[in-house]
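Same chain, two partners: chain A is paired with chain B first, then with chain C.
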Partner chain A sequence: MLWVDKYRPKTLDKVIVHEDVAQNLQKLVSAGDCPHLLFYGPSGSGKKTLIMALLRQIFGPSADKVKVENKIWKVDAGPRTIDVELTTLSSTNHVELSPSDAGFQDRYVVQEIIKEMAKNRPIDTKGKKGFKVLVLNEVDKLSREAQHSLRRTMEKYSASCRLILCSNSSSKVTEAVRSRCLNVRINAPMEEEIVNVLDFIAKKEGLQLPQGFAARIAEKSNRNLRRAVLTFETCRVQQYPFTNNQAIPPMDWEQYLSEIASDIMKEQSPKRLFEVRGKLYELLTNCIPPEIILKRLLFELLKKLDSELKHEVSHWAAYYEHRMRLGQKAIFHLEAFVAKFMSIYKSFLISTFG
Partner chain B sequence: MAPVVQSSQPWVEKYRPRQVKDVAHQDEVVRVLTNTLETSNCPHMLFYGPPGTGKTTTALAIAHQLFGPEMYKSRVLELNASDDRGINVVRTKIKNFAAVAVGSSRQGGYPCPPFKIIILDEADSMTEDAQNALRRTMETYSKVTRFFFICNYISRIIEPLASRCAKFRFKPLTEEIMGSRILHICREEGLSLDSEALSTLSSISQGDLRRAITYLQSAARLFGSSISARVLISVSGVIPNEVTQAIFSACRSGNFDLANKEVDNVIAEGYPVSQMLSQLYDIVIDADDISDEQKARICKKFAEADKCLVDGADEYLQLLDVASTTMQALTNMPQDMACES
Partner chain C sequence: MKKAKRNAAIVISSSDDDEDFSLKSNFTHSKPKSQSKSASVPRKNPKRAKTALLSASCPRSSKEASGFDEMKRFCEEFKDNFTGIKVSAGLQSNNAMWVDKHKPHFLEELAVHKKKVEEVKIWFEERLHAAMDDHNNALLVAGPSGVGKTATLYAIASHLGATIWEWNTPTPTVWSEHLYNANSGLQYMSKLDEFEGFVERVRKYGLTSPTLKGSQASVILLVDDLPVVNGRVAYGKLQKCLKLLVQLVRIPTAIVITNYDKDDSADFSTRCWEELLVSLHNAGACKVNFNPVTINSIKKTLTNICRKEQREVSADTIELIAKSSGGDIRHAITSLQYLCLNPHRRPILPLKERPDNSICLDDAFSLPFGKDETLSIFHALGKFLHNKRENDLATASDRDAFILKEKFMRFPLKMDAPEVVLCQAHGQARTLSDFLHENVLDFLNEEAIDDAWLVASYLSDAEFLLSSLNGLLTRDFGAENIVQSAAASVAARGVLFGNAHPVPSRWHAIRRPKLWEVEQSLRRNKCQMLSLRGDLCNSLTLSNQIVMATEYRPALKWLGCRASESFQADDMVEDDSGSTCFHEKKLDMSDDEIEDW
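Let's look at the complex of A and B:
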């Protein structure tokens, strides 16, 4: 088992990083009940872990027994029926699903499937009516229509069903949905907190972890706990016992992007642009999301630039990322950004050095 | 007060006014509707206004008061965005419901006038085609059916529909009205709320009573019965002042890397950037030492970034762009790259 899973806190009182949030959640459900919740925060900050721990707190160990179901729902949409395929993860008391998997059909998932699930409520052994929890992942990727559909569902079935929404940024969740939930912000752990977690894991595994090394892993992880733990495990495989100046393997795609960045800096010509395009394609085919590529590329470029150019370059990065979101094919916009950068940089060079 | 309700019920539902006269602050509507109750007649209605001002509540309350619990099911059709409302539904479901003729039968003290009500909640999310299909239906069956449209933005309702209705604008609640409502709930729930917390609550909820009540309930759930201003801010998702000030002073310093670091920090802390923008906007507008031209330049960027965020653009890049533009404006850098597309 990966350490990331092995040392995932199972209950709210075992949580190390977001102790205050966990305590509040515990208070929240102490009466055996909770409002709708919206968890938001950057990835690798522990949203999912907290949600699972919360479910366990409410329903006891039965929340652990989940079965994966892949079902095709027939949705009646006027003249024709639409098949929506959706994978759900369910236990007796909760159902977890990512409605955005259905793509542009996500509206039907919310309107039909979630409504259907929200309607029937479970009855526990004592015959007391309980409530059901629906965990929706990646709400920020839901379309506008789907989010609008969600709002009334949340009110109408509030007696029998609680929604727990999980998203990376709360800007993309509509105001209407946000105002119906208790918003829980999960911040990315500070570097010291990451070091603490690494120490904890090292102790459990019986490893010697030099302080400097842990700090370096934490620094490299960009405040992403999952990544820190994964890196830690990789390092363990590569070399043990640890030394303070042991090399931490960077992500290969990041290295690749920094190569691209230095390529762009070295020469600005159509020929170089063509080469860069090939490399960008390779990253895309390896399933690195285009916005991450663009962000990382900007990060690498900013490191090498004069401050007067930084403003302009960051502006264009934002501009092309927005375009990318509106458009269909990411590669065009990535390439446009690279071309724009080349032109800016070249004219800067000409005007400075003649 | 209402009979013993399950504790699980949100307070927003629990304290939803059941009668039209209890609806706070919307005097014209209340007057017209009380009149309706007496004369048992009313025009088509269009309610519009910001969220949390009582539109849905009013519509539901009048329907309940007109028909009573028994007739309600057969006389009122409530459709909202969670139901499919394409042109097909308008042509079949709505039309069929509208076409049925009903008599007037006074039952159990309710007026029960001889018409049915169709409530179309969140009507601004209906497609234009569907709205167009409604025009004739409204007129043909106006003898037996009244339509209530509820929406946030009246501009999204097509003109022919709007002109067929009596329009009512729902105003954002003032601080006093909101305060008295909140205090009422506090009394019912046995909460203690000091005056500072009360004014904080009104300011962070910006006239949206539903939001205010939700914050209140969340705060009560998390921190027990005595609620302070600090607690309310922490549950409401408002960004603490230090954070916004840090970004703003980084912009003032004119150091790009410093601003970049602050932006990184905001993203890692998980603060919503749209909220960040509106709070930065407040700071910029209130600042005395910024010239009008600079303010205009910064605000223009805010607007662009906000639009991009709505389109789903990346938060980090947008905030960085805003920070960089703000910095350029504040340090009077030339606006050489006009950035027009």
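Let's look at the complex of A and C:
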């Protein structure tokens, strides 16, 4: 088992990073009920960990007994029936799913599937817990229609069903949904907190972790706890005992992108653009989302760039990022950005060095 | 007032007659009036049209007048009208379609090349005389439309004194009709099903119709109208069925296959037909290819027709028609008839007398007839990518009313407007932009990165336009069409405009968009990853796909050996290939793909 999963805190009182939030949540559900919740915060800050711990707090150990199901749902949409395939993870008291996996059919998922699940109330022998919890991941990726139908569902079935929504950014969740939930903001952990977690893991694993090294991992992880732990485990495989200035292996796609960036800086020609396109295809094939590619590429380019160009390059990156969201085929826009950068950079080189 | 109405009616009649000559002439005659005076009367009921017409045209006629009188009066009036029409419309009293009227009845009249006719004739002679031997009895006749495939077969049959039996295509059932009939228990039969049934019957029982048996006339079976198939399954069914027919049929059989747009090979169905031809040929059928009719023989045929119809058509015009028909003789004859229809029409100026010499010969769009040629999508792509332009700016600045900045100036194009080319190529906007995107960089100047950006930005615009349609709840096909053609136009013009310093033309192979492969494998990888998701995260939560791709997978690759304890072996294989492919592919790329330049 990966350390990320192995040392994931199981209950709210064992949480290290967001202790205050955990305590509040504990108080919140002490009466056995809770409002709808919206957890939001950057990736790797511990949203899912808190949600799982919360579920255990409410339902006890039965929340651990989950099964993964890949089921095809038949949804009646007017004149025809639509098949929506969706993976769900469920225990007796909660169901977790990512509606955005269904792509543009997400509104059917929200309307029909959730409705159906919310309708059957769990029958508890003690008659205590009269509600079921639905955990919805990546709510910010839901389409607008889906979010609207989510709002109706929330009101209609509030007696039998609690929703826990999880998203990276609350700004993409509509106001209507936000106002119906208790919003819980989960900040990215501070670097010291990450170091604490790493220390905790090292102690449990019986490893010697030099402070300087832990700080470097924390810094590299960009305040992403999951990443820090994964990197830590990787370093353990690569070299042990640790030294303070041990190399931290970068993620392969990041390294690849930094190679692309240096390719771009070296030569600016249609031929090079074509090569870059091939490399971008390689990244896309490996499911790296285009937005992340663009962001990282900009980051790598900015590192090497003269400060007077930074503004313009960032502007164009933003422009094409927007385009990418509107369009479908990301490569067109990524390539346009690369071409624009090459064009800017070349004219800059010519004007400075002649 | 009435005069004006009549004139309108004449126009309608002449254009309508072009379309459906098969109607009875009587019916055709009643049409102009019924249309001009009481448009609401359904066309299918000429009698009712007449009575309605009558009451409309003579409102003051006395009520006592007998029906017969009315009818007679009407007939007279109608006759007057009709002669009027006849004169101005210029139709012969026997107003059949010239294509039907001058159908070749003898071998000598065929415009098809003599050797081809001879070949087919000999084949049939052999089969008809030496019947029942184990030769293959099927003949495939392939060729573009309107080159006389069916006409040749009929002429040969009548020459040999054989009767042609044709598979009668059943009337297609419209879906709504089927739904209507569904209650009465009628089963829906697709055309393909019926064709299969037909082939089955022919194989089992031959064509032994009881009435025909006594006459002992030789019979030729003609399959002209193959059912349209869509998709692999139906196509496989058709292929199997035809193969059986080819192998087992006992009487001489001709299967006519029309190659629609031979060069548009991007289309699935076209490839199907080619495949079908090859497979039937392998099954033992004899194959004859018909080429487009030569211009000279079209000219000869047209001149003959003119003589028979006693029309004066200048040789230049005939040549023009022949040239613009693209080897389609049926089309040429129809054009000729259309041209002779109205003598008041502005005479077609022969080419040399045209005031504007710059209009080139193949400018078929200014003619009132002629076949608009279709271009293959690759031809159109070639035009856009090669970006051939005139070399002097002088002509350009004369034509343009606007004064443009230097950097927006381009030499005039050596082709039709991009939209015209697009129309001819009838490609999907999506396909077009994908192809342009894949190939355009090859055609840019080595140094011109600014051009590359310009092109890329226009392609990005086009892509944006194309995806703006997605996610709409209701489809509006009109709007969709407009957006599609706008996007195609943006892509094509963007490529033409952006490529300001085109390389001197040399031979380039046009590549298939790699994007398609990438999309496919992306979809595959995504599914794989989602299915792995459960085991990967120890199945307590579902993790996000992005996190999987950007964090878990790379970490797992590094962890390598350790991970194999907790994950199945095949997952690891997949992961390994993923990790190596980044770097291997990189090397590959620098080797072969760039040498292609």
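Observations
Note that the second predicted complex is superposed on the first by the 351 of 354 C-alpha atoms of A that agree within 3 Å, B and C clash if a C-alpha of one lies under 4 Å from a C-alpha of the other, contacts with A are read in each partner's own complex, and residues count from 1 in each chain.
The rule is short, and it goes like this: contacts are C-beta pairs under 8 Å (C-beta built on N, C-alpha and C of every residue); 3 or more make two chains touch, one makes a residue touch a chain.
Quick caveat, the model's predicted, so the values are computed rather than measured.
With the two structures aligned on chain A, chain B fits next to chain C without clashing.
Judged by the touch definition given at the top, the superposed model places A:Asn187 against chain B, while chain C stays out of reach.
By the touch criterion defined above, A:Ser314 lies against chain B but remains apart from chain C after alignment on the C-alpha atoms of chain A. Contact with chain B, but none with chain C, is seen for A:Ser45 once the two complexes are overlaid on the shared chain. In the superposed model, A:Lys271 lies in contact with chain C only, and not with chain B.
Rounded to the nearest 10, the angle made at the CA centre of chain A by the CA centres of chain B and chain C in the overlaid structures is 80 degrees.
Using the contact criterion defined above for the overlaid structures, shared-chain residue A:Leu326 touches chain B and also reaches chain C. When the two complexes are overlaid on their common chain A, residue A:Asn245 makes contact with neither chain B nor chain C.
When both complexes are overlaid on chain A, the residue A:Thr153 reaches chain B alone and has no touch with chain C. Think of it this way: put the two complexes on top of each other by chain A, and the tightest Cα contact between chain B and chain C is 8 Å. Common to the chain B-facing and chain C-facing surfaces of chain A are residues 145, 326. Residues 6-10, 12-13, 51-52, 80-84, 86, 88-89, 121-122, 125, 208, 210-211, 214, 217-218, 221-223, 235-237, 255-257, 260, 267-275, 305, 308-309, 311-318, 320-321, 324-325, 327-328, 333, 337, 339, 341 of chain B are the ones that touch chain A when the two sit in their complex. Of all residues in chain C, those touching chain A in their complex are 433-434, 437, 441-442, 444-453, 455-457, 459-460, 463-464, 466-468, 470-471, 473, 514-515, 518, 521-522, 525-526, 529-531, 533-534, 537-555, 557-563, 566, 578-579, 581-582, 585-586, 589-590, 593-594, 597. The touching residues of chain A, counted against chain C in their complex, run 1-2, 5, 8, 43-44, 48, 51-52, 64, 66, 68, 70, 87, 89, 96-98, 101, 104, 137-138, 143, 145, 224, 226-227, 230-231, 233-234, 237-238, 249, 251-253, 256, 268-271, 273-275, 277-279, 281-282, 284-289, 292, 320, 323, 326-329, 331-333, 335-336, 338-340, 342-343, 346-347.
Those residues of chain A lying in contact with chain B across their complex are 24, 27-28, 31, 33, 35, 40-42, 45, 77-79, 110-111, 115, 131, 145, 148-153, 155-156, 158-159, 169-172, 175-176, 178-183, 185-188, 222-223, 291, 294-295, 298, 302, 307, 310-312, 314-315, 317-319, 321-322, 325-326.
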